[in-house]
Amino acid sequence: MALTPSTADFAVRTRASFDRQAVMRLMGARLVHVAAGEIDIELPFRTDLTQQHGFLHAGVVTTLVDSACGFAAFTLMPAGAAVLTIEFKVNLLSPAKGELLIAMGRILRAGRNVTVCEGEAWMRAGDERKQVAQMLATLMTVRDSGIEG
Amino acid sequence: MALTPSTADFAVRTRASFDRQAVMRLMGARLVHVAAGEIDIELPFRTDLTQQHGFLHAGVVTTLVDSACGFAAFTLMPAGAAVLTIEFKVNLLSPAKGELLIAMGRILRAGRNVTVCEGEAWMRAGDERKQVAQMLATLMTVRDSGIEG
Amino acid sequence: MALTPSTADFAVRTRASFDRQAVMRLMGARLVHVAAGEIDIELPFRTDLTQQHGFLHAGVVTTLVDSACGFAAFTLMPAGAAVLTIEFKVNLLSPAKGELLIAMGRILRAGRNVTVCEGEAWMRAGDERKQVAQMLATLMTVRDSGIEG
Amino acid sequence: MALTPSTADFAVRTRASFDRQAVMRLMGARLVHVAAGEIDIELPFRTDLTQQHGFLHAGVVTTLVDSACGFAAFTLMPAGAAVLTIEFKVNLLSPAKGELLIAMGRILRAGRNVTVCEGEAWMRAGDERKQVAQMLATLMTVRDSGIEG
């Protein structure tokens, strides 16, 4: 499927929207890849983001992958439109243990109103990289709502 | 379905496990209800947990509901066993706007190895309460793994 | 949530739409309850609907619950509009063994474009009734598409 | 991930198990590809499997993809073990209109007790092939239960 961004400055608009997600700052997440229908976000491991066994909390992993899917959908949005997550499902494949979490969102199907994305999260620990999560997400385009980005 | 906690001190063990979830502290979440198969967690609204439109990030809402489901399952675990989330699906029903998020986890079916939970999140804004999320989650009992709680 | 059917003859229209679902006839399913936002469908056990262990196939159970959710959403649709399933998630709680499957769909949230439904399937075996599936589904209202019902 | 079938005759055992799924016969489905962690099933279009708009019913598409995922997991099972679907989520991407449905199941992660599979369904209509569904499924290995295959 060819994915066509609807505005020339989609990467600038996507980065600006990411910078307005306060929770990404709180967690220390960085937007490291923006292309039409593609987003990568990285998060260095921090102990204040863990659950009771010392792994990154499943909800933290999910937050990153959800954002990656949301911004992947956003890259194709017309100016003035926003993207809302309707729902997602995520499988936690392995404990999120290591130094760096990489969350990736990719568009599987872009419709006029509904976009479906796949997301993955991988954990880098030393020289190894292990997949820790797989997501399937549904997002909706919101036009003329007064919200944007 | 009758839900029987497997140890008399299940509430104490559940609260101790919650206190070890560092990310709950970071977000400012409080465990406000513990019963056999039932957990409620509250989170006062904070702007550093928002997405780009000023609502609580879907991932933050999800983190709370996932924790509520996980600890609901944990209330029935034998001593020495841990609970891991295998997967969940969440529908975001309304923007999470208001003063207080209440996340609830309830066991739908408790099996020997697999527990299925339902989760809900509600947002209190002034005198109103609105449901913002619905979750269906699958958790696994882990025995003799060296991890506990 | 108050659920208001948008036309007085919603039950007639829903039954007519059900009768056009050929696969319901093939499987022997019956529409036994229609109310605003509520559908029950029954399916007597048949060996030609089973998987390799003699239980009703998970896909058959799912087909019934998906239809129950779809028609529950349809009860609120304006004349000329159709409902399409965007996605669903289903947990299979117990093997579907017994004489009669009862699938129930209920609206959790009805929006202008997106409806979220919960579905359940129960199996009756002698005097017992056991829940075999729990679903959370997202449906979309389609207007002016040339398809209806 | 290297996927190792646990018995030399895994393909024979998988085909035998498929032949015992009565509902596959009822629908006219054919097992067309068996490899370690990989299954393809085909279903020629039939009007008695449709919903009210003349497309294959979402539940029928789902039944095929669920079976493809289940048998993909089964290819790695030790002799005497069975596979049960715990849960799955499926996005319906396009109406299932055309001559032939191809359902594919692939293992994403194979654990000792839990296997995660991805499934896809594509519809062939003339010279075109269009994806109609994407699935993410969780399956459980059942040992020493008296059920097999």
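By written order: A, B, C and D. Residues from 1 in each chain.
Going forward, a residue touches a chain if its C-beta (ideal position, glycine included) is under 8 Å from a C-beta of that chain, and two chains touch if they have at least 3 such contacts.
Note that this is a predicted model, so its numbers are computed, not measured.
Visitor: Which chain maximises the distance between its CA centroid and that of subunit D?
Guide: Taking each chain's C-alpha mean as its centre, the farthest from subunit D is B.
Visitor: A-D or A-C: which has the larger count of contacting C-beta pairs?
Guide: Higher C-beta contact count between the two pairs: A-D.
Visitor: What whole-Å value do you get for the distance between subunit A and subunit B if each is reduced to the mean of its CA atoms?
Guide: One centre to the other, that is 22 Å.
Visitor: Between subunit A and subunit D, what distance separates the C-alpha centroids? Give it in angstrom.
Guide: Roughly 29 Å separates the two chain centres.
Visitor: I'd like the Å distance between the centres of subunit A and subunit C, where a centre is the mean of that chain's Cα atoms.
Guide: So the centroids are 32 Å from each other.
Visitor: So which bits of subunit A are touching at least two other chains?
Guide: 86-87, 89, 91, 116, 136, 138
Visitor: Using the touch definition up top, name the residues of subunit C that touch subunit D in the complex.
Guide: Checking each residue of subunit C against subunit D gives 17-18, 20-23, 25-26, 47-53, 57-60, 62-64, 66-67, 70, 82, 84-92, 95, 147, 149.
Visitor: Which residues of subunit D touch subunit B in their complex?
Guide: For subunit D paired with subunit B, touching residues are 86-87, 89, 113-114, 116, 136, 138, 140.
Visitor: Could you list, by residue number, the parts of subunit C that touch subunit B in their complex?
Guide: 89, 91, 93-94, 108-109, 116, 118, 131, 134, 136, 138
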